[in-house]
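The same subunit A turns up in both complexes below, where it pairs with subunit B and then with subunit C.
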Partner chain A sequence: MTQAINSGLPLIVACSWALLLIVVEMFSGDRRFVGVAWMGVIGLAVTAAMSVHYASVPAVYGNALALDGYAVYFNLLACTLGAAAMLLSIDYLGDAGIVRGEYYSLMFFAVIGVVIMAAATDLIVMFIGLETMSMAVYVLAGIRKSDLRSNEAALKYFLLGALASALLLYGVALLYTITGSTVLADVSKALSDTQHAGADHLVLLLATGLVLIGFGFKIAAVPFHLWAPDVYEGAPTTVTAFMATAVKAGGFAALMRTVLVALAPMRAELAPVLWGAAAVTMTLGNVVALRQTSLKRMLAYSSIAHTGYLLVGVTAGTNEAGSSVLFYLAAYGAMNIGAFGVMAALARRGRGCEKISDFSGLAQTHPAMACAMALFMLSLTGIPPLGGFVGKLYVFTAAMHAGLVWLVVIAALNSVVSAAYYLGVVRTMYFDNAPADVLPPARPYAAVVVAVAAVVTILLGVAPSPVLGSAARAFSKVLLG
Partner chain B sequence: MIGTVHYLALSAVLFSIGAVGAVVRRNVIIIFMSIELMLNAANLAFVAGSNSLGSMNGQSIVFFVMTVAAAEAAVGLAVILALFRNRQTVAADEIALLKW
Partner chain C sequence: MRNALSLLVLTPAIGALLLGAVPNGAEALMRRLSLAVSLVPLAICVWIWSVFDTSRGDFQLVERVGWLPQFGASYMVGIDGISLLLIALTVVLTPIVLIAAAGSVHHRFKGYLVAMLMLESTMLGSLVAIDLLLFYVFWELMLVPMFLIIGIWGGERRVYASIKFLLFTMVGSLPMLAAIIYLAMQHGVGAGQVGNLSFALGDLYGTHLSPVAAQACFLAFFLAFAVKVPMFPLHTWLPDAHVEAPTGGSVILAGVLLKMGTYGFLRFALPLFPEAMVAASYWIGALAVIGIVYGALVAMVQPDMKKLVAYSSVSHLGFVMLGIVSLNTAGVEGAVYQMLNHGVSTGALFLLVGVVYERRHTRLIAEYGGLWKQLPVYAVCFLVVMLSSIGLPGLNGFVGEFLILLGAFRFNHALGAVAASGVVLGAAYMLWMYQRVMFGPVTNEKNLKLTDMTRRELATVLPLIALAFVMGVYPRPFFDVMRASVATTLAHASKATAARDLAAGNQPTAHAAAGASIRVRESPRHVVAEPEGGGAAAPAEDSAVPAAGNGEAH
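Now for the complex of A and B:
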């Protein structure tokens, strides 16, 4: 009983804190933004610390929730990324004319959703976490209420997200009628104990397909990626930063637990599907990114390509691959929050700083920002000795060990193609001339976040062992048997 | 005698109607209604499964799904309303500022 309360305590505190943020915002005066943002950051730190303190392996609440190493790892990741996005937002929001205090509360709830998704060991709890996260992000995407692009981004994200949730839920309902449970371990046991032949087998395949499509939407895997570029482009930059990192981490947290635990007995049927999805996702993401002129849209396609790389790890499905995916998500989070952070630091009202050409000559006017941006681009390409390189190296090595040689070849070729557009940004910053009206100076809070992200990106490259070790420990207890 | 299979068949029909509606209809509100229909088809499947398995889990899950659907309606209609205020339209084809 005590253990049940303890495992739930970080979530209970986080939810109360998020609600408290709304109340504080309501009763505060002019300086509300900075105060509420810092309260949000402190709340996330408390949540992360509590989850480390109360970590325990066994699942509680009828096997619905487990604050195990896996959940704690994603908890720390989501809280860090959420805090970074909140700090980026402090100056950005006021300037963009978003005077809404509920922003930070919604972002907090989105982090809570990610945490629930990672801690869930029951498909319905996972669904509730997914919805908690998604609904907060739908509103965040459309928080610029008078901006048509923001409206449209929110609408597209909402309609496709709700459709994906409905497909996922129907898949879960079918799995429940077949296996008699929604608990991941029980579903797995029921699937491996009984042979499902004929019509039953078809329904099982349908259910698995629906669940995969639902998660595929959330992580923006091809062919369910169509929303991503539009939503990333239309949403405020700080929200896009959050979506590209924390929301994607949440999607992968849930996808990996579902595919590698509950659907583990379906491995033979799933492997080709995941293989194909990984190959098509990274290829399409990289090829379409080549011809983008908007940096935000380019990063959206780049994030689709990275979904493909991560799916390589999920396809391999071994302990080694799982922990590499966890590490990759951390490296990807650091470099992506940094890249969007540079955009948010330089953006001003009426000058979105969203086109690649907006950054021409940045090295002359903002040497530090240009250097950081170049670092993130090189890391996204996968150039040693940066975090992105180490992440790719481990994921691809694990896939090789699992016998996915051709998939790794495709992924390596993709990395080469991706260099073209990432290095294009570096070229624009260093070799093009700055326009007459130079960009304003970088904002302080955002500059600090960018600096920290740059340091983390380098550290994950030169000294990956601490994070890699904790990723390996986090994943070691996830797979059954 | 109406059995579990019939309920599941009905839920499959409802789900299919919803899925087709969500894809072919061009009015944002009707697309949203179709999605709600899909959620309720899942509810019916949960209740039917719960009945045939003799476990109450499926029926309690329905309460969670209903809550989620209500929250989704609140958020979704707010998003649609915000768009309508700026654009005076709920036709999906006309909402194409960001190219798909």
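Now for the complex of A and C:
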């Protein structure tokens, strides 16, 4: 009983805190909501600290929720990324004309959604987490009510997202009809105990397919990626930063538990599908990113490509591969928050700072920002010794161990292609001349976030052992048997 | 000084950070600070040279710190004679380039110095790394400062050239990364320790690989290194990069960066995949010889001095590769020596081309003529450097080329003979260029106002000229340093090489495993005596060689 309360406590506190944020915001006079933002950050820190403190392995609430190492890892990751996005927002929101305090509360709820998705050991609970996260992000994407692009992005995201959620739920329901349970471990047991032939087998395949589509949408895997570029571009930059990192992490947290635990007996059928999805996703993301002129769209396609790299790890499905995905998400989070952070730090009303050409000559006008941006781009390319390199190395090595040699070859070739567009940004910043109307100085809060992200990106490359170790420990108990 | 190598690698990087803190206007301070910083690695290198044990062929001054224990990768550095010589080249060229910067870099001065120092750090890192993953890290990092140097401070088509440079080298090195990982995973497989990764070079010697896997891995390494060398037909990025790069960038690119490719063959490709390397040696030798002749022929028709020197690099590096694949003591020692020579001579050539470019802003040969009367000091410097580049006895180039040809003839007569013709061609394009630029009447009025070399320009070129003389008349200390290391490197491939030469019906030569050490001690001294005597005392084994060696000079 105490254990059940303890395991749920971080979530209970987090939810209460998010509600409290709404109340505080109503009485907050300062339209920049600095206090609210800081309260949000503190709340996330408390949530993260509590989840570490109350971490325990066994699942509680009838096997619906487990605050195991895996959940704690994602909890820390999501809270950190959420806090970073909140700090980025402090100066950005007012200038972008977003004077709504519920922004922080919504972001807090989205983080809670991610945390639930990672902790869920039951498909229904996982779905609740997914919806908590999605609903909050739908609103966040369209929070700039007067901006048509933002509206379009939010509507598109909402309609497609709702469809994907429905498909996912339908898949879960079908799984339930076959296995009689929604608990991941029980589903797995039921699937491996009985042979499903004929119609049953077809239903099973249909259910699996629907579940995969639902998650595929959330992580923007091809062919369910079509929303990503528009939404990333239309949403406020800080929200995009959050979506590209924390939301993706949540998607992978749920996907990995589902595929590697509940659907583990289906490995033979799933492997080729995942293999193909990984290959197509990274290739398409990289090739299309080559042609982008908007930095936000480019990063959207880049994020699709990185989904592909991550799927390589999921396809391998071993312990090593699972922990490599966890590490990759951390490295990916640091460099993407950083890249979007640079954009948010320099954006001013009327100048979104969203085109690649907006960064011409940045090395001369803002040497520190340009240097940080170059660092993130190099890390995204996978240039050693940065976090992105170690992440790729870890994922690809694990995949090689699992025998996916050709998939690794495709991934490596993709890395070469990606160099062209990431380095294009470096080229623009360093080789081109600055325009006459120089960008304004970087905002202080955002500059600090960018600096921290840069340091983390370097550390994850130079001294990654602590994070590698915790990723390995976090994943060590996830797989059954 | 147990951490001498780490200090060596880190000081330029720390200096670059210090330099970053200097306020933008203070150029004089930047100049002095950067020069002072770059002298520290030079001092460390002198110290290392003094404690270096020349009788040992294994790695010395080894340091090892854990980095990625999960992968068996560590920060592991160490040097042998071959890397020590290239380190010396690097730390000598960098201060020179930094001095030259004041004349050739006119905007974003601080950034240039920072990039140069970072480049030095990464180059030194690649030379001391004896963990494959660490080597790859430095190898890739090396591209970034060079990319910026070409792209920011380069000429008209700098962006195109910098991207081409980057993409060529990056595409070339990714398969190498895959091969490195594969190799690390094969470590311990023979001993039944699957999954026990190691990236340490020493652990990976003799890793059990199937012949196909070994060949595939070798091919991956070959691609990465051959692009860098660059070997025909992967050389097309080089003329672009050289022509567009600022003077200092060209000096370092030719002087050190290209050597990373040939160094890679000796340090990694040969010891790790001896059978595959030996099997491919004829093919590589053929490509090298094509590069020698092709580079020389294309250099001959270049209207642009810098492009001419760039193509001459293709030709000279062909010699180095030929020496390496001959896989005998003379060839490999000659190749290592020629790496240094090329760094000195070609570095000086680029500096000298930069001298007139700064004055006239053109490098077209046709724009000049009659400079001998206008710029006598310049003309003399150019003459010496050019003669060293074409291998005049008494200067450095001769020793290296001679040994390489000696080794090449022992390896394969046909390849040796064609390569020897490259020596003649080399003399032809250089002398012809010199004639058109220096002799005759002054045809272009603009040249009448040219001033001779400044003190700063002399300060950059004279040390290299002095080195060319020293290395020409007294090469002994350099060979002392490399001898044991070359023997160790060759010993990795001795079995395969002996089989190759037996099959080809060649006489058993210095590389035959058992007798190697004795012959190794003999051969350099052999050659040392000759340059002074103008090649008269050449060994009798290959009479064709000295003839070719002399013929080119006249």
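Basically, the second predicted complex is superposed on the first by the 479 of 481 C-alpha atoms of A that agree within 3 Å, B and C clash if a C-alpha of one lies under 4 Å from a C-alpha of the other, contacts with A are read in each partner's own complex, and residues count from 1 in each chain.
Keep this in mind: a residue touches a chain if its C-beta (ideal position, glycine included) is under 8 Å from a C-beta of that chain, and two chains touch if they have at least 3 such contacts.
Values in this document were obtained by computation on a predicted structure and should not be read as measured data.
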Query = Which of the two partners, first being subunit B and second being subunit C, lies in contact with A:423: first, second, both, or neither?
reply = second
Query = Does the superposition put A:162 against subunit B (first), subunit C (second), both, or neither?
reply = first
Message = In the overlaid three-chain picture, which partner chain does A:409 touch, first (subunit B) or second (subunit C), both, or neither?
response = second
Task = Examine A:383 and indicate which partner it touches, taking first as subunit B and second as subunit C; both and neither are also allowed.
result = second
Inquiry  = For A:401, using the defined touch cut-off, is the partner it touches subunit B, subunit C, both, or neither? Pick first, second, both or neither.
reply    = second
Inquiry  = According to the stated criteria, A:170 is in contact with first (subunit B), second (subunit C), both, or neither; which is it?
reply    = first
Query = Both subunit B and subunit C contact which residues of subunit A?
reply = none
Inquiry  = Residue numbers of subunit B touching subunit A in their complex, please.
reply    = 4, 8, 11, 15, 18-19, 22, 28, 31-32, 35, 38-39, 41-43, 45-46, 48-49, 52-53, 55, 57-58, 61, 64-65, 68, 71-72, 75-76, 78-80, 82-83, 86-87, 92, 95, 97-100
Query = If you look only at subunit A, which of its residues touch subunit C in the complex?
reply = 363-364, 378, 383-385, 389-390, 393-394, 396-397, 400-401, 408-409, 412-413, 415-416, 419-420, 423, 427, 430-431, 462-465, 468-469, 472
Inquiry  = For the complex, give me every residue of subunit A touching subunit B.
reply    = 124, 127-128, 131, 135, 138-139, 142, 145-146, 148-149, 151-156, 158-159, 162-163, 165-167, 169-170, 172-174, 176-177, 180-182, 226, 229-230, 233-234
Remark   = Counting only contacts in the complex, subunit C reaches subunit A at residues 66-71, 108, 111, 133, 136-137, 140-141, 144, 147-148, 151-152, 158-159, 162-163, 166-167, 170-171, 174-175, 177-178, 181-182, 185, 195, 197
